[in-house]
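The two complexes that follow have subunit A in common; it is paired with subunit B in the first and with subunit C in the second.
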Partner chain A sequence: MTPRRAFRLLGTLLLLAFIFCLVPPDGTGTGSGAALAQQSADAQTAATGIAAPKLTAEDYPTIAGVNARVVVWLAAQLHLWFAAFVLAVPIFVFIIEAIGMWSRDRRYDDMAYEFIKISIAAYSLTAVLGGLLVFSLIVFYPHLTQYLGAIFKETMFYYALLFFVESAALYLYYYGWHWLQGGFRKWVHLTIGLLLNAAGTTLMFLANGWLTFMMSPAGIDPSGAFTGDVWTALHNHLWNPINIHRMVANVAYGGSIVGAYAAFKFLSASGAKEKAHYDWMGYTANFIAICALLPLPFAGYYLAAEIYAYSQQMGITLMGGIFAWLFIIQAVLIGTLFLSANYYLWCGMARSEGAARYYPYIKYIAVVLIGAFLVWFTPHTLVLTNEELKALGGPYHKYLGPLGIMPAKNTAVNVMILFTALSFLLYRRANRVVTVPWEKAGNAVQVALFSAGIVNIFFLGIYHGYFTNTVYKVASSIPQVITTLVVIAVSILIDAMMYRGAKEVAPLRWGRVPDRAQYALFLLAVAFTWLMGLMGYIRSGIRQHWHVVGVFRDNSPDAFTPTLGYAANVVSVGTMIFMAMVIFVFWLSQISGVKREPDGYWKEQRA
Partner chain B sequence: MMAARRFKIPRLAQAVLTVALIYAAFRVVFDIILGQPIPASLMTMYMFFVVSGVFMVFTFTEESTQELVAPIRALVEDPSKKLVRNIVFLIVPLAAAGLTYMKMLPDFAAPLELRTIHPAPPSSAELYGKRFDLLNLTNPFRKFEKADPEKFQQLVAEGGAVYMANCQYCHGDKLDGKGPYAAALNPTPLNFQDVGTIAQLQESFLFWRIATGGPGLPKEAAPWISSMPVWQQFLSEDEIWKVILFLYDYTGHRPRSWEHE
Partner chain C sequence: MKIFAAVILFSLATIGFFTWFSNFGIPQVTPAPPPKEEVLDLGAMTMDQFAALGERIFNGRGTCKLCHNPVGGRAPLLDKIGEVVPTRLNAENYKGKASDVESYLYESMVDSSAYVVAGFGKAGTNDTVSPMPNVTGGSIKLSDAEIKSVIAYLQKSNGLEITVEIPKDAEAAPETDEAGPREPFATVEDMFTEFACVGCHKLGVGEEEGDIGPDLRQIGTLRDRDYLRRSLLDPNADIAKGFEPDAMPPDYGQQLYAVELEMIVDHLAGLK
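Let's turn to the complex of A and B:
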């Protein structure tokens, strides 16, 4: 068999395995006795439904005084952090590899390989933590696990199978990297990358179905029993909003963790060449993180709006009730992400002497960013002393209060995104001068575009946000987003055309960037991790005393909403554990390249 | 002839002055001009990020960073600055100790409270002896807004009369939370004119809150402090719905809904 045939066969087998995993479990057409018996049992279940058990505190096992909620909480969160990372890295590794193939620039291929190398160790940790989560659920919440297992049994089985597909694809993708080089082999390698991403994304969608069912159960009859099929359960109200949000967030998160890895390597590098390589890697990772970060607030807003639409109770708990204060911390962390990303870009201008022309503009960008950021985290309900309450004449601030609601936040975040894009545009221009004759016109169009965009964002935010009813208030966020995206896309397009054939005024020196920029990359990764932990807690916490909202009551001793401080502490401890594990992964990749020859340790072998 | 040297404010002083000026601007604008001071908790957050922003602008280039830290470095390392160094090294710990002492002094002011302004409603509630599904509950009179505007105005007027007879003592005759009893209450009654109150809520939420009052607030977010009476003991179901019509009509807000009009 020729190698080409072998690859085709392998590709076909992998594809068949993947398709097999996606085939619905109906068993239609199977005439075996066992299948018919199963169908009969299924029909029985469908008739009576799967009733949620009514539990008492005694139904929740206790083991040696271990706090079940905290164990499951931390195991789930750590698993999710690693899972987000290992799902995201192959997405942009695939893209970088494709760019390398298209441009025939080997540096992209080397960088893509290094990215995937980091995710290999993280992949094992994801699986280990997934195992810990499953065992914790079985041990501490057996009835809930059994209930979810009864509803999602098919998807859980396919989940396990897909895990094999994903593992096989990942190992083939990583270990076959240098083997599958050049021509047709490279295409096969890229296809394996695609398969890896398809399997990983499907895995995430399945798991998202389980957790969103707990928030917005579907297929429940008036008596509270589940009578739907697995698709109904999976395709519940919040499934797609979570799918979109997690997909985008994972890419941004993966970019930030890889950026932290590049920063780690940059700071520990000794040679100029090594520094240049990791500087470029850090820049690329940050670029990926920013690209995914830009649409992320909209995906989050869509999710929150859908939660509100599904249940007023959950919506108010989320954004106006007990968790509203955590949203202020969330706002602070999101702002920190934007500030870190911008600071990294500004510091990166040091790579070229040509950037000095743009330094005077940075302070104005900073003023707008900080101004928008202050609006972004201004709370609606203030923490007031009695004296302040008297001075204000009530619990609301007459002028800052209106900044506490979503229209002001949406306006602020759109402005922050636009000015982050502006930082990026200035960075791109740093080492080049335009040669096209229409430079002035091009710049004027860009200025006009940004100005018109900002005016439109303000108009939509102020008019629809404060002078129309809620449905328009929520809906106006969509044209705001579109305005932002159009301004960014068109101005980048104009810029690309203007700078085609541009003259280089000074070379771009990779590696010539201050260490402070690397700490900005660390801050980006830590802020992302903490943010995900806090928001994950909120998403789960809005179920309050329900395992499955309105259907399956949580009667465990932990069925209460902990204080915000306690929750923040648990998430912070989780963040520290995760960051320690990530540093361990970085260190592993560091030592894997070290080769020592100890003197006199090994016996001399005769030739 | 020597060129006249232009006076340049040192970089560190520029940074400190920028922060000080922004702080002063906040104080002047909000405390003096607008008469609505920024609470200390929020001002701390604002200034933290203002300082961060100033730091970012002053340190994104190597030259600027070196210029910024040069006086600090000189203070620590330069032998000729021994006297200044000793003074600073004495003042800083003393200031920290003084600040800590002031913070630790016993205070008679009531502790700060994180107040949740919109308690989450249950999905259903027992009101007037029957169970209401709050997720799908709508105002039975809202339909007349389009179907019979004259009747709708009549209902609004009836709601206004009920409001004036029962609610304005606390929430004010202008619905601004400044009724005659308001000053005696802490927290003060809600200001319905504010865009962050009834404009954010569905009518079913208002119905539940009015009907059950302070004692009906959910236990998940206890302890609550609210002196709102349990209005289902004093008003009929229809009267509450009419009051809700009046609240929105008078303030010009629209209830939260998911349908275009």
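Let's turn to the complex of A and C:
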């Protein structure tokens, strides 16, 4: 076997290891069924187990003037933001580098290098914040830390060791970038990138196991003691749904942060060449963010469905209880994300005169997107006084009330995603004209495909959502998602075939994009950061007064669930701290390339 | 520097808008404080008290009565346990390890598919898989002592000898239900969730709502406030056409505070 083949084999094995991690739970660790019954029976006979401590408020150490929950909350959230960034960037750097290798286009390689350069300083900040989180937990929640440590001791130990692997891979990947260029050396470099991603993703999966155990504990016997093994605890009911959701969200988030970096560099650039470079970089980052943003609602829906499947009570708390209004805030943020991503694409059409053909369509897409956003934004139950209740004739508005339930929102988000894909298709066509003889037929098929897809999404949403029983109502969301994905995939495929060998009608001038487009990228990054903070709060908040749901009760003075306004204030403070740190990281990457020669400072200069 | 300031101001304005909307654009509902924790003193409990605990769990947190009632027909009735259990233990399709009523009832709560009563299996399984969840898991999460208290209640209500022993280890059986004076519920939805109203009634608040009781989504057009209040306090006073008496717990008058009762009446009267 040649060394080259050996590296390829290693890469394949690492990918297989990933896929193995995503094998669905086998039922031994959670919920219901004969397996759990057997486990319960076995547990009764087990003499040992890790019992959850029963604490009182006095068992939680305090420091005068410090709110323990807010400190841990902020440390965890800041760590997560940076971790998401430094996990996501190597994923798409790896992909961009591979594209550069395949196309032999050096621009991709240069851009991939610039991306990874940004994440280097962020990496150490991630570790520092991780340390702050661990110390905060030890200081303020020692019993919880000890309990989780007892259950997850193996994973925590290997987690720490894996940091060495990740650090070594990252530094080798970054510092060896220009050293490992060309031929076999490039393959070696790419394999190091794969190793870096394997280590980073495994780290995330391990940490996800700890937090999902707190939500959906597995291996617990009827008395509440943990009697399972570490795999049972790790492979709990919500582990894979969170793994998938975070993986996709991290990529979208990483894209948005890098996009903001490129936007700032674009605005600060003085020369046309520099502007063109950062315009292209911003576009690529936004493209990555959108690609991950499109499947993100589906990953979120899957996670919510699994929360329901694990505990209907927790599901009701999430969607229909005290947190229900949080989803109206989420609707505002998702609307912001989709509108800003689309707005950036529309502004980007100014790069080519050929785009003028498509300008008339933009206003219709905008109307549909805003309409879909408003449907998502419509609450189901309104909080009303008795007088208002009487005036309205009930807690639901006669016409808008039906828009408050999930079938309407599923329909809206699928339409939003389809029209975002349409924006992207129009953008791709901006500077080119088709040369294949079947242009009309191809366009007709695409129009028919979109029309049929939208009709099907509406049919599924309206008929099954309002005129059939609950089973079909919930189940109809799956064919809706499949419809959306099929329409996007097939239309992009047709488009790619139609535009193969297409003629450029007007050149695509990178750098010729209005400044306001860059603010759309900032909006995307800020909204994404804030949204992650908000959803992090609800993920943790649905545990309510439990450290580990149903097993380990939180008896600290902060065990109450705060109002959404209070949570939003904490998220905003966290976002501002994060932004300040990110600006510091970007500034570091900027000054690292500056070399100044002070006049008359060094001995030889004086001579 | 000008660009930097502009970007910072833009970002802060965005964060400010999200913060403002979260504080003033939506209602600020203050969630109820965590329920108080009570540790059962099992050592001082009589068997009657232990069975009474089982009855509370059967009708409340255990959600047993949602299905095991004569109206909905979702699950077998539990009024002739003494007669049917010996027959089931000898049945060909019995797959469990129980040997008497006590162990059978325990087994049926943690491994309900060990024996599936004809006609009550999951759809498409030919009565080989039971739809009943394991009561030690999911959102029910009964402890060992709580399961035994339910068995004591079932044995007592069937006129059988109570064979279970009250566990002596009080630490093993904390009851995490609310105990003592609790804080009032903030919203009608919280009460619907707590009392599992949608398990029997359609109220238009959840994805899955039951049909054991009358559909209440437009009850305000049919009934006045006095009728609705009476139905909550004395469910058997007026029985809707097509429904049976005794299906609804009769003790909401004891469980609800007056202000909560009026909130529900107001809400139902507004459903038009």
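Just so it is clear, the second predicted complex is superposed on the first by the 550 of 607 C-alpha atoms of A that agree within 3 Å, B and C clash if a C-alpha of one lies under 4 Å from a C-alpha of the other, contacts with A are read in each partner's own complex, and residues count from 1 in each chain.
Keep this in mind: a residue touches a chain if its C-beta (ideal position, glycine included) is under 8 Å from a C-beta of that chain, and two chains touch if they have at least 3 such contacts.
Bear in mind that the values here come from a model prediction, so they are computed numbers and not experimental data.
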Quick one: on subunit A, after the overlay, do subunit B and subunit C clash, or do they fit? Just give me the call.
clash
Now for A:579: first (subunit B), second (subunit C), both, or neither, which partner does it touch?
second
Who does A:311 touch here: subunit B (first), subunit C (second), both, or neither?
both
Determine, under the contact definition given at the top, whether A:370 touches first (subunit B), second (subunit C), both, or neither.
first
Quick one: is A:105 in contact with subunit B, with subunit C, with both, or with neither? Answer first, second, both or neither.
neither
First (subunit B), second (subunit C), both or neither: which does A:564 touch?
both
Considering only the touch criterion stated at the top, classify A:332 as touching first (subunit B), second (subunit C), both, or neither.
both
A:504 in the overlay: touching subunit B, subunit C, both, or neither? Say first, second, both or neither.
neither
Clashing segment of subunit C (vs subunit B; choices 43-51, 61-69 or 151-159) is 61-69
List the residues of subunit A that touch subunit B in one complex and subunit C in the other.
311-314, 316-317, 320-322, 324-325, 332, 380-381, 383, 386, 389, 392-396, 405, 470, 544-545, 550, 560-561, 564
For subunit A, which residues are in contact with subunit B within the complex?
309, 311-314, 316-317, 320-322, 324-325, 332, 335, 339, 342-343, 346-347, 349-350, 359, 362-363, 366-367, 369-370, 373-374, 377-389, 391-402, 404-405, 466, 468-472, 514, 516, 544-545, 550, 560-561, 564
Within the complex, which stretch of subunit C touches subunit A?
3-4, 7, 10-12, 14-16, 18-19, 21-31, 33-35, 37, 110-111, 113, 133-134, 136-139, 141-144, 147, 171-172, 174, 176, 187, 189-190, 193, 204-209, 220, 266-267, 270-272
As the complex stands, subunit B meets subunit A at residues 30, 34, 36-42, 45-46, 49-50, 52-53, 56-57, 59-62, 65, 109-110, 112-123, 134-135, 177-178, 186-188, 191, 194-196, 199-202, 204-205, 220-221, 253-261
Going by the contact rule at the top, pick out the subunit A residues touching subunit C in the complex.
30-34, 36-38, 40-41, 44, 54, 222-224, 264, 267-268, 310-314, 316-317, 320-322, 324-325, 328-329, 332-333, 380-381, 383, 386, 389-390, 392-396, 405-406, 470, 473-474, 519, 522-523, 526-527, 530, 544-545, 550, 553-555, 559-565, 567-569, 572, 575-576, 579
